[in-house]
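Sharing a structure below in structure tokens format, with a few things to ask.
In order of appearance the chains are A, B and C, and numbering begins at 1 in each one.
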Amino acid sequence: MDPVEDPVRFIDERTAAAPLLRKTMRYLFPDHWSFLLGEVALYSFIVLIATGIYLALFFDDSTAKTVYHGPYVPLDGQTMSAAYKSVVDISFSVPAGLLIRQTHHWAADVFVAAMVIHLMRVFFTGAFRKPRELTWIIGLLLLFTALLEGYLGYSLVDDLLSGMGLQIGNGVGLSIPIIGGPLMLLLFGSRFPPGGPHFWGRMYIAHVLLFPLLLATLIGVHLMLIMARHHTQFRESRRHTQRRIIGVPLFPGQTPRSLALMFYVAAILFLLGGLVQINPIWQWGPFEPWLATNGAQPDWYLGWLIGALRLMPSFDVTVGHFTLIPNPFWGGVLFPGVVLMVLATFPWVEARLTGDRRVHNLADRPRDAPTRTAFGVAFLSWIFLIFAFGAADRILVLWGLSYNLQLYIFRIAIWVVPPILFFGVRRMCRELQAGDRVEEIREHAEDQAEEHQRSLARAGPGTAR
Amino acid sequence: MLFGGLSIVAIAQAQPSSGIVRPTTEPATPSVQLGSQLFAANCSSCHGIDGKGISAPRAGAGDIMGMGPPLRGVGALAPDFYLRTGFMPLSSIHDEPGNDRVLFSDKEIKSLVAFVASLGPGPGIPQPDPKAGSLSEGMQLFTLHCAGCHQEDGEGGFVTGARVPPLQGLTATEIAEAVRIGPYLMPKFPASQISNAQLNSIIKFVQSLKNHDDNRGGWRIGNIGPIPEGLVTWWIAVPLLIIACLAVGRRFRRQ
Amino acid sequence: MKIWKWIVTLLTLLFGRLMRRGGSVEDAEERIVPAGTPERRAENLVLVLLMLAVLAGIAFIVVYAIYPHADQPNELLGLCLGLCLALIGGALTVVAKRLVVTEELEDDYPDVHPQAQREIAEIVHESGSRITRKKLLIGAGAAAGGTLGLAALTPALSLGPLWDTAPLDMTPWRPGVALVDENGNKMPASDVVGGTFYSAFAEGVDPEDIASELVVIRLDPDKLKLPNGRADWAPDGILAYSKICTHAGCAIGLYRNPLFPDLEPKPALVCPCHYSTFDPYTGASVIYGPAGRPLPQLPLMIDGAGYLRANGNFSARVGPAWWNVREKPTYGTNE
């Protein structure tokens, strides 16, 4: 009559799962905080699902025009889509609706941010190396799917800001050489704005069903791959080796910690959802293709693209009077494509360049791989500088720094700063390594001296040296 | 003759561009005469004697290179706007007018306005009535005509070559004046395009932006959308989350 | 044995801690999870945190209930719920650190399995003993599978028009189509004054049709330097350009109108998305920003009653560029 053993027996008799459960319960987690960043992303995803389900019960995915008559006076009498109106209603007329909506949006922003810092931890510790290359690829797929999913999510609202973003997305899609036009017509069902009844419903189904399923499946595969090969670990002592992992078992040690983290993540997201306003769509107003606002921006995780689009000088690549490569292609398609390709091929490129095809279960400290760390920093700085330029107009408004001057500074900086950082960081890593070696030698000498003293003491006084 | 003489004397003794030249004793009430003196001393080096304009840069008193449009026929509308917002005087003819400092007192402004209005017939100071307007109509008109430059929440922005100022804290008169003048690079909206009734609605909407009553989501973080949202994500949420990871995942102590 | 276990279980349940301290059957067997010292203070802390969490949760429910629908205090709701979650997290953290034995264990990294790998390959190879023309069969299978895949994808073409990019080429403008403002009223040319900018649309057409959307301004006709063939496109200096930016499609919502042109940047139509800037004097050619082609211009005429009408179709196709954007626009609406 054990309250634990009885249900377990019940399940095992019907599923033969007890050995698997027993093994999983004692799966070892490396005990370093940086291994929890992936979990932060996972828990943000769970909050997204929970809040998303709630919102889906109130959202109307119809683009049919309706007139608003509700508590928010500036919108009173305005014509808008039913989709937009339903979100204004969620924000003003559904009790706790605004809290859930804002939490959902914060969770999306944090979800991507968590994935990015998790990616950085994996990259800078070399955890993407054999045998974990597939896990890395799945992670990249997760990241880029999440970008698209978030974009669809906030575009569903049909407010002025996100409508402009959708307009631009259409323009960027059109810029794909040769096939852009037909492709966008296929996706949107007509020229922008999508006039037919289908597009919004498709976007909705993609956002609430197809992509969440894809994300959940990829997360599942990602976790299974991790458990199959086990986490990497830092070499914290001599006992941590390529063959032996040292860590905290899933149960009982890790479970309350992970659960605590889940509650902390949810707490932070709900606190943000309550205390910090995000995407006040009632202030943006409904979208119409002939309207625009200054200072329109995509959500932060697409900011790298607006920076790239703004940096480009004016030219279309034409062949006769065919437009082969319209201007948005470079910043909107090629740039993210290059980033994805570099990240995706990195495990194999590094293996090739270093000639190292061994299995790696020990995590590097960043300094232990100077070239990789330097490349990572340089690559990230390239992306970051492009991203930063996307806010140049607001920097002008805030601090008076000329937009044109920023344009020229950034056009140079994005090519000059990364190489400087590459060489600088690589040098720094090597210096740190050299310092470590000196430390090691010193410690070893001290140990030897101590040992010598102890052996003298044991031998007793008066012993000849 | 007397005004001209005073003007010449004033120009000859004008201080460097950052200072305002005033008569040592000013009358207690605003007057065209005071306006004329102030104009001669502070404005004529760019706007010409009696506001007839200077069409090519010309060295004025002190270290001022002067050039400016004529002010005959601008009425009371323009000087009232430019002086009350601090757009004028400019330190340099190449500066973009900014509304960060007002250099004249109310009496002086009234005097200058009276003087410039006396140079030729022109529009008077508008008398808007925002209470008669509709917030909803105002929001729609603002979105169509103004948000492209001033941003949907009046937080200002960028138009190629110039900074567009934010709109919080403006009086109804200032807003009405700006719409009708089209200062610096702003379009000049006539009554045939934005009627006085519509202008009342726009003013009502713009003034509602000041109070930010409708920031019911919490801390408004600037009302410009995703940039501050990204900053909160990376500078508040991420550090808190890292602290949470540290709290939960720190190296265990042996038990 | 079973009865003994029953007795022990019963006694354990009755005497709880006493039994544990005093020694029980479990002590005699080897433990999997090592025993740890009890920490009542940690337990008390956990209880306190959980009690506070209960209060925070109740507070959330109360706040939700007592405030009217349209006036729910977002901050208060978020604070209550967030605190409740944080407190539970705190309780779990105390459990993790002080009430649960955190073991430091060792285990092997999983092996590779060359034996199993070989056997799998062997099974597959040996299974093909009856096949004589492997490559041919595989080729045929691939062809069938590939064709099936294509067939399965084909209905996706029903999502929208595919090779027919005609919807992108169309505009609703031809000679005689009247311009209307945002309220649907026709636009007298005399109402269009210089110094400001107007939004206009094609009469009778859905205003959301991006090829219907115009920006209309009046400039000094003597200063116009329009491209060849457009000498009569701007009656009295009134110009109409597409309001949709040729870069990525945002509405051209900015108009630069210098009050003192000698010292200020010249008039320009500007897009707020990436700041493509177009010179209306020269047919909206690009003078700043990333747009790769000018805004299409619409030839205007003033009809007998003084209203503005189109005098032809746009000079070029509307909107962001695609393969065929540089051909002449066709007439039609995307209904």
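In this section, contacts are C-beta pairs under 8 Å (C-beta built on N, C-alpha and C of every residue); 3 or more make two chains touch, one makes a residue touch a chain.
The model shown is predicted, which means the values in this text are computed figures rather than measured ones.
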| item | value |
| --- | --- |
| Chain pair, A-C or B-C, that carries the greater number of C-beta contacts | A-C |
| Most distant chain from subunit A by Cα centroid | B |
| Rounded Å distance between subunit A and subunit B, as computed from the means of their C-alpha atoms | 42 |
| Where subunit A and subunit C are represented by their mean Cα positions, the distance between them in whole Å | 15 |
| Subunit B-subunit C separation of Cα centroids, rounded to whole Å | 36 |
| Subunit C residues counted as touching two or more neighbouring chains | 74-75, 78, 89, 93, 96, 101-102, 104, 182, 199, 251-254, 272, 275, 288-289 |
| Where subunit A touches two or more other chains, by residue | 31, 92, 98, 102, 248, 253, 257, 260-261, 264, 268, 272, 274-275, 291-296, 393, 403 |
| For subunit B, residues contacting two or more additional chains | 144, 147-149, 157-161, 216-218, 244, 247-248, 252 |
| Subunit A partner contacts - residues on subunit B that touch it in the complex | 135-136, 138-140, 143-144, 147-153, 155-161, 163-164, 166, 205, 208, 214-221, 223-227, 229-230, 232-234, 236-238, 240-242, 244-252 |
| In the complex with subunit B, residue positions of subunit A that touch it | 31-37, 40, 72-78, 91-92, 98, 102, 106, 109-110, 113-114, 117, 160-161, 248, 253, 257-258, 260-261, 264-265, 268-269, 272, 274-280, 282-285, 291-300, 303, 391, 393-394, 396-397, 400, 403-404 |
| Touching residues on subunit B, where the partner in the complex is subunit C | 55, 67-69, 93-94, 144, 147-149, 157-162, 181-190, 192-193, 216-218, 244, 247-248, 252, 254-255 |
| Subunit C to subunit A touching residues, read off their complex | 9, 33, 64, 67, 69-70, 72, 74-79, 81-86, 88-90, 92-93, 95-96, 100-110, 112, 156-157, 159-165, 167-168, 170, 182, 199, 201, 206-208, 210, 213, 243-244, 247-254, 271-276, 286, 288-293, 319-327, 334 |
| Residues on subunit C engaged by subunit B in the complex (per definition of touch) | 36-37, 74-75, 78, 89, 93, 96-97, 101-102, 104, 182, 191, 193, 195-199, 251-260, 262-265, 268, 270, 272, 275, 277, 288-289 |
